[in-house]
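In what comes next, chain A is part of two complexes: it sits with chain B in the first one and with chain C in the second one.
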Partner chain A sequence: MTEFAQAIILGLLIGGVYALMASGLSLIFGVMNVINTAHGAFLILSAFLTYSIWTATGLDPLVAILITTPAMFGFGWLLYSGSIRRIREAPAAASVLLTFSLALVLEGLMGLIWGNTSHAVRPAYFNQSFTVGDLFLPKAQVYGCLVAIAVLVALWLFLARTWTGRAIRASAVNPQGARLVGVNVAAVATMTFAIGVATTGAGGSIVGVLYPFLPGSHYLWISRLLGIIVLGGMGSLPGAVVGALLIGVGESLTSTYISPQWTTAVPYVVIFLVLLGRPQGLLGARLREDVAAV
Partner chain B sequence: MRRLRWCAPALAAAALLAAGCGGSDNGGGSGSDSSKPIRIGASLPLTGDFSEPGKAAQQGYQVWQKMVNDQGGLLGRKVQVVVRDDASDQNTVVADYNALISRQKVDMLLGTFSSLLNLPASTVAERNRKLYVEPAGGAPEIFDRGYKHIFFAQQATADHQGDVFAQYILGLPPSERPKTAAYPSLDDPFALPVLQGLREKFEKAGIKTVYTTKYASENTNFDSIANAVKAANPDILMHGATFADGVNFVRALDKVGYKPKYFFQTSAPSFADQYSKGIGVENTEGTFYAVSWDAKAQTPGNAAFVKQFNQMFGAGEPAEDAADAFAAAQVMQAAVKAVGGIDDQTKLADWIRSHSVNTILGPLRWDKTGAPQGQFLIGQWQSGKSQIVLPKAAATSQTIVKKNAGA
Partner chain C sequence: MSRVLPRSPWTWLVVAFWVVLLLFPVASSDLFFQNMIILSLVFAIGAVSLNIISGYGGYVSLGQSAFLGIGAYTVGLLSIRVDVSPFVFVPLAGVVGAAFATLLGVIAMRTRGHAFVILTIAFLLLTQLVLLNWPSFTQGSKGLSLPLALFDPSIQNWPFYYALAALLALSVLMSWRIRRTKLGMGLIAMREDEDKAATVGVSTPTYKILGFVASAVFLSMAGGVYAYYLNFIDPRGMFDIVISVQIVLSMLLGGRATLWGPVLGAFIIEPLNEFANQSLGGGNSRLLIFGGLMALVVMFMPQGIVPFAGELLEKRRRRGQDAIVGARVERPLVIREREDAPVGHEVQPGRALLDVRAIEKRFGGVRAVDGCSFVVPEGSITALIGPNGSGKTTAFNLIDGMMRPDAGEVWFDGRRVDGLRPWRRAHLGIGRTFQITRLFREMTVLENVVAPLRSFSWRQLNADAVSGPEAARAEELLEFVGMRRYRDEKARALSYGQQKLVELAQVLMLDPKLILLDEPAGGINPTAIERMGEMIRRLNRQGTTFLIVEHNMPFVLGLCDPVLVLARGTCICEGGPEVVQQDPRVLDAYLGEDFVLEEVGV
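Up next, the complex of A and B:
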């Protein structure tokens, strides 16, 4: 029983971190129909920024989120205005190609700036745990999960309670309708992309604490994050959270009860099975074109 | 608008070039015109999962090129190493070596990094009867295919990497000798055979296996594995790792609060300060690893290699992978010098098979399959520094410490 509880706890903790990482990716797709394959590279860029801040000032990486998040917001804004905006009306496949090329550019630039060697951010608690009875809760995962919850709640409040947030949601659901009621859809798209990239500010800082990273680490993350948002439903923020928790718990249970060899495979089998029954994902909305295709 | 549409791919290409990847494609000739350099092609994982050792290997080849050219070249001709980026991908590495031979028409080849990539790449070389000396591909299955042109430029194949360490453990007094062992490993053609070799020897000597598992290279979550190791409580823990998984695993062991009496890990601990920075220098103490090269070794040319490396790439200790790549090029160079030509590369292979070659790793010799017939050095982290502890003749530290002296 202890083993089962331990597996669930570890899965939920890492799932919470996955949710934070996947939220921006889902938001960007939901509003803009852009599949941002550079999202993993943005995470690693943020991890490198955290590393530089930590080594230069000794600032706790979780506090450094207050710097990396606005920095990544500004970076996302510039990137959207300079490149993504130009393929706004193009099919989603164009966004895959463009953002993948951006990921390669970023990988090369990060290699030039920080070097192509492994880096790690090690605050005092990076390898410590809380102990509750026979259970252990790794401190870095606990703090990372708490930050993830805080950021996700803030994101949800922003989307649900502010005019800009409502404009983003309106643009996601019906861009033409949003235009009719006075929403500047183009400006909203810029804002959405920047917010989506800003979430990697927090996500990257946590990645930097949990795992060693190098410029090429983004490949590892983008495949997992795409899996999460497909499982949850492309474009659905609650779906991204549910998908992330399921993948986290799935990985942990697989590692404990089947074999660590299957840890990365089993969640994708789950995704495959879910999509057979619900092609739109667990919480994704069925689009008009999906219905027409039936 | 049209110009901007091309902006991102152009930037991508620029960054790749800046990162040092992508080979030139000028279709240079392969003839023996002495005014032309000898062009030597290699595909390396400059991006992707193995980019870190891939870049180090590129540096090793570059240092060799510089030193050979400064000394007048090879057979009176300059040498030019042409490197392509295989992005750590098995399909790309095959395409790269085909392109190097048929399109870029290089004169000779050097190997890539990792058993995973050398397995398919060496098939291209064999089919084209090209000498293929590789710096980092010690999986035993590479050498049981009957190939005539492949040689591994380290001391031993993976299944023999831990031989010296096994001798040490089995030679301990009964009171100190471990009674139980655990063998978690990355599912990798290099890491697994190291552990299999050690496990066979230990089980034969009566050391009971209490835990064994494999995990995929994409695995990032090691807390569950560390928890299972703690529950099994082995006296000696043997971990088959590359780099990131090695660091993550040690972090996870710390998180569950487990320190074995003896800890041996493949590859990761040989990454010098990247390893100590990844896990914290205080957590390195007592960790054993097998290594092919030591910066302080008194092997012929080693000091000159380190000096040239520092001149080209700045201060600091070169990575082991850079030294291995340099040694691979030294083996090829020795064969070319001895045979006196590069046209018949089967002759070059025959020469290597029947001779020992002095390299910065020490003297290397091979059996008829191209598998090396030497012994690895055994390193151990002590007081924040990596030391060679075995064999005694090559040791930089005469003491051996326990990972957890209280266990």
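Up next, the complex of A and C:
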């Protein structure tokens, strides 16, 4: 029983971290209908940035979020303006191919800069734990999850309370309508992409502490994040959170009761099952396809 | 795209390619180039195959290297257990690949664009993971060593070389054949507009599965040959997503949806791959080169080399000629009698061909259609009118299967159809045009008209679409709507009114018993409206029943009987044109209660 509770708690803790990054991915999809397959590569880039900051200055990686988040926001802004904006009118597949090629380029660049070896960010609390009864709560996981929740709450408040946030949500629901009421949809798209990428800033710093990483790790991460948003319902932010927690727990249970080497299979199997049984995901709505307005 | 390649320069290039390819090993003993061509052939088979689901069908797959790996492992695993030439297992590799593709196609049946790409990536990484984590069967990350090929040294690698050349020839032949059949038309239609394709009888799930299987079979077989050639395979090398990217890139660079573009692309990409591996140390530079190149192609040359060159040639050829579109737009549209009647079924005037019983459709809190019931008598031209937002188009969507009702029943020709998918309803005889025309934009006018599938059968899928009886029939229908001279123009080049006419011809290809027309007179000029009315009458006399949504009242009242009036999602009134015109409920629905109150007060 303890083992089970332990697995659930660890799953939820890591799920909280997944939720942050998956929200960014889902936000980008919801507003722009673009699957950012470079999301995993952005995440690893942020982890490497954290690594460099940490080795150079000794700054706590979770504090480094204050640097990596704006850095990734700017990076996302530049990438969008320089590349993805060009293909806004192209068929949907073009954006997947473009973001995936960006991921490959980033992987290659990171390999050149940091090398293709495994890296890890190890602050002092790296292998310490809180103990609650029989349960161990690794400090890194707890801090990481708390920071992720804090950033996620900030993101939600931004989307719910600010004019820009409402413009982003309006563009997601109905771009034509948003344009009619004075939203600059093109600018909102750039903003959305940058915000979505910014979630990998915080996410990457946390991931750098929790897992070893190398440039090629981005495949693993993008699969996991895609599994999450497919499960939760593509474009749905609550779906991204629910999906993240479920995948986190699913991986943790698989690791405990089957074998750690099969944990990476969880997102793939989830993608298969969801697309077979409920293609719209758990919280994704089947939207009215307005035949007349196409 | 749908361009028929100009005969002369292309044909000679293709012939030259095959001559050089087939004679090269005989003429030169250079193993470096032989190796490079062998690898190029593998890429070319991959790209030509991928082109069927991605170029024609519009579904991009980043998981194609999984099929290469599945083929390789099928041959590898068998050849270390059974002591015969591994070539024996190559056909089996094709079967296993096809089986996996079918499985994946079934999963992908209900998904659209984005989810499909995700699925293919997941499939690739999962198969790789299974092979890695199952060492008792696959030897895991250690990989497999296949038996050494002991050919006579004088023939070097010829068996691999010619086996792959034969597989490439087969893939190109398959691609050529599919492009000419109803299957190919359906795949392209699906790429252009999947929902619309369903309404003209294209059973999209079947097409998707077939397209996916077609893009896996020869690649899996090539994987088998490739494994034997390499002598050693491991999951990371074979199921490498960068190989998938290179296959996609070969197709894009050469020209998607063309016959030879993917081959050309592969023979560019593979040598580049050799260069990256040999001179730049592989690894990161390979990622930079192929990632960068794909980004550039997607952004700056999405159509690829072959269509790009084709456009240049076409421009040169057409210089000095009048463009058809534009030059003759002002000419009146001529309607001619068709030789055979468009429908061959028995018409029983007056019986209820379409019977809509209390259907409901809600969007959130809005009841777009709210307990609507009506009947369309066979042989009639029935109108469905009502103010904007009264639920007319939604009613159409419920009848033709674009949407499913939340409650109620739809009966057509004596059977209940509300649970059927759109293509099944099209096969039963329901045809539908759209308020805003939805032609397949990148297809020619003729291809648009041959794309519909009247009924589902395997023979029909394999039927020739661009020549023979299907094409002849399509030309007849184009003649009928007066659009025959535009048969080779791209649909996107037509004016709105012309598109309406082609869409009508397209629907007629289904031999429909009932045609739903959504605003046939909307947005076209008065002469064309008149001709549209004349065509509808003519088709009606030949036995086709019509249900028409239209706001042009003179047109409706002059053409239709009975007239159904829809308001707030229900049918409030029906009868002859004169009856409906006088009905106070209709005035109320159109003009509002205030108006009626004043009338009453006066």
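As a working rule, the second predicted complex is superposed on the first by the 266 of 294 C-alpha atoms of A that agree within 3 Å, B and C clash if a C-alpha of one lies under 4 Å from a C-alpha of the other, contacts with A are read in each partner's own complex, and residues count from 1 in each chain.
As a convention for this text, a contact is a pair of C-beta atoms (placed from the backbone, for glycine too) under 8 Å apart; a residue touches a chain by one contact, two chains touch by 3 or more.
Just so you know, these numbers come straight off a predicted model, no measurement behind them.
Chemist: Applying the touch criterion given at the start, work out whether A:T256 contacts chain B, chain C, both or neither, answering first, second, both or neither.
Modeler: first
Chemist: Quick check on the superposed pair: does A:Y219 touch chain B, chain C, both, or neither? Answer first, second, both or neither.
Modeler: both
Chemist: Thinking of the overlay built on chain A, is A:P138 touched by chain B (first), by chain C (second), by both, or by neither?
Modeler: In the superposition, A:P138 touches chain B alone.
Chemist: Return first, second, both or neither, reflecting whether A:T117 touches chain B, chain C, both chains, or no partner chain.
Modeler: So A:T117 only meets chain B here.
Chemist: On the A-aligned overlay, A:L104 touches which partner chain: chain B = first, chain C = second, or both, or neither?
Modeler: A:L104: touches chain B and chain C.
Chemist: Classify the contacts of A:A5 with the two partner chains as first (chain B alone), second (chain C alone), both, or neither.
Modeler: Touch partners of A:A5: none, neither chain B nor chain C.
Chemist: Identify the partner contact of A:V230: answer first if only chain B is touched, second if only chain C is, both if each is, neither if none is.
Modeler: Second partner only, chain C.
Chemist: Does the superposition put A:V269 against chain B (first), chain C (second), both, or neither?
Modeler: Only chain C; A:V269 stays clear of chain B.
Chemist: Considering only touches as defined above, state whether A:R86 meets chain B (first), chain C (second), both or neither.
Modeler: Both partners, chain B and chain C.
Chemist: After overlaying the two complexes on chain A, where does the chain B footprint on chain A coincide with the chain C footprint?
Modeler: 83, 86, 98, 101-102, 104-109, 111-112, 116, 219, 223, 261-262, 264-265.
Chemist: Can you check the complex and tell me which residues of chain A touch chain C?
Modeler: 29, 33, 35, 37, 83, 86-87, 90-94, 96-98, 100-109, 111-112, 116, 219, 222-223, 226-227, 230, 234, 261-262, 264-265, 267-269, 271-272, 275-276, 279, 288-289, 291-292, 294
Chemist: Mind pulling up the chain C residues that touch chain A in the complex?
Modeler: Against chain A, the touching part of chain C is residues 54, 58-60, 62, 106-108, 110-111, 113-115, 117-119, 121-123, 125-126, 129-130, 133, 195, 241-242, 245, 248, 252, 283-288, 290-295, 298-299, 302, 363, 393, 397, 402-403, 434-436, 438.
Chemist: Spell out the part of chain A that touches chain B in their complex, as residue ranges.
Modeler: These residues of chain A touch chain B: 6-7, 10, 14, 83, 86, 98, 101-102, 104-109, 111-112, 116-120, 122, 126-129, 136, 138, 141, 211-212, 214-217, 219-220, 223-224, 251-252, 255-256, 259-265.
Chemist: Considering the complex alone, what residue numbers of chain B touch chain A?
Modeler: Per the touch definition, chain B meets chain A at residues 1, 4-5, 7-9, 11-12, 14-16, 18-19, 47-49, 51-52, 55, 88, 184, 187, 213-216, 218-221, 223-225, 227-228, 243-244, 247-248, 251, 254-257, 271, 274, 277-280, 283.
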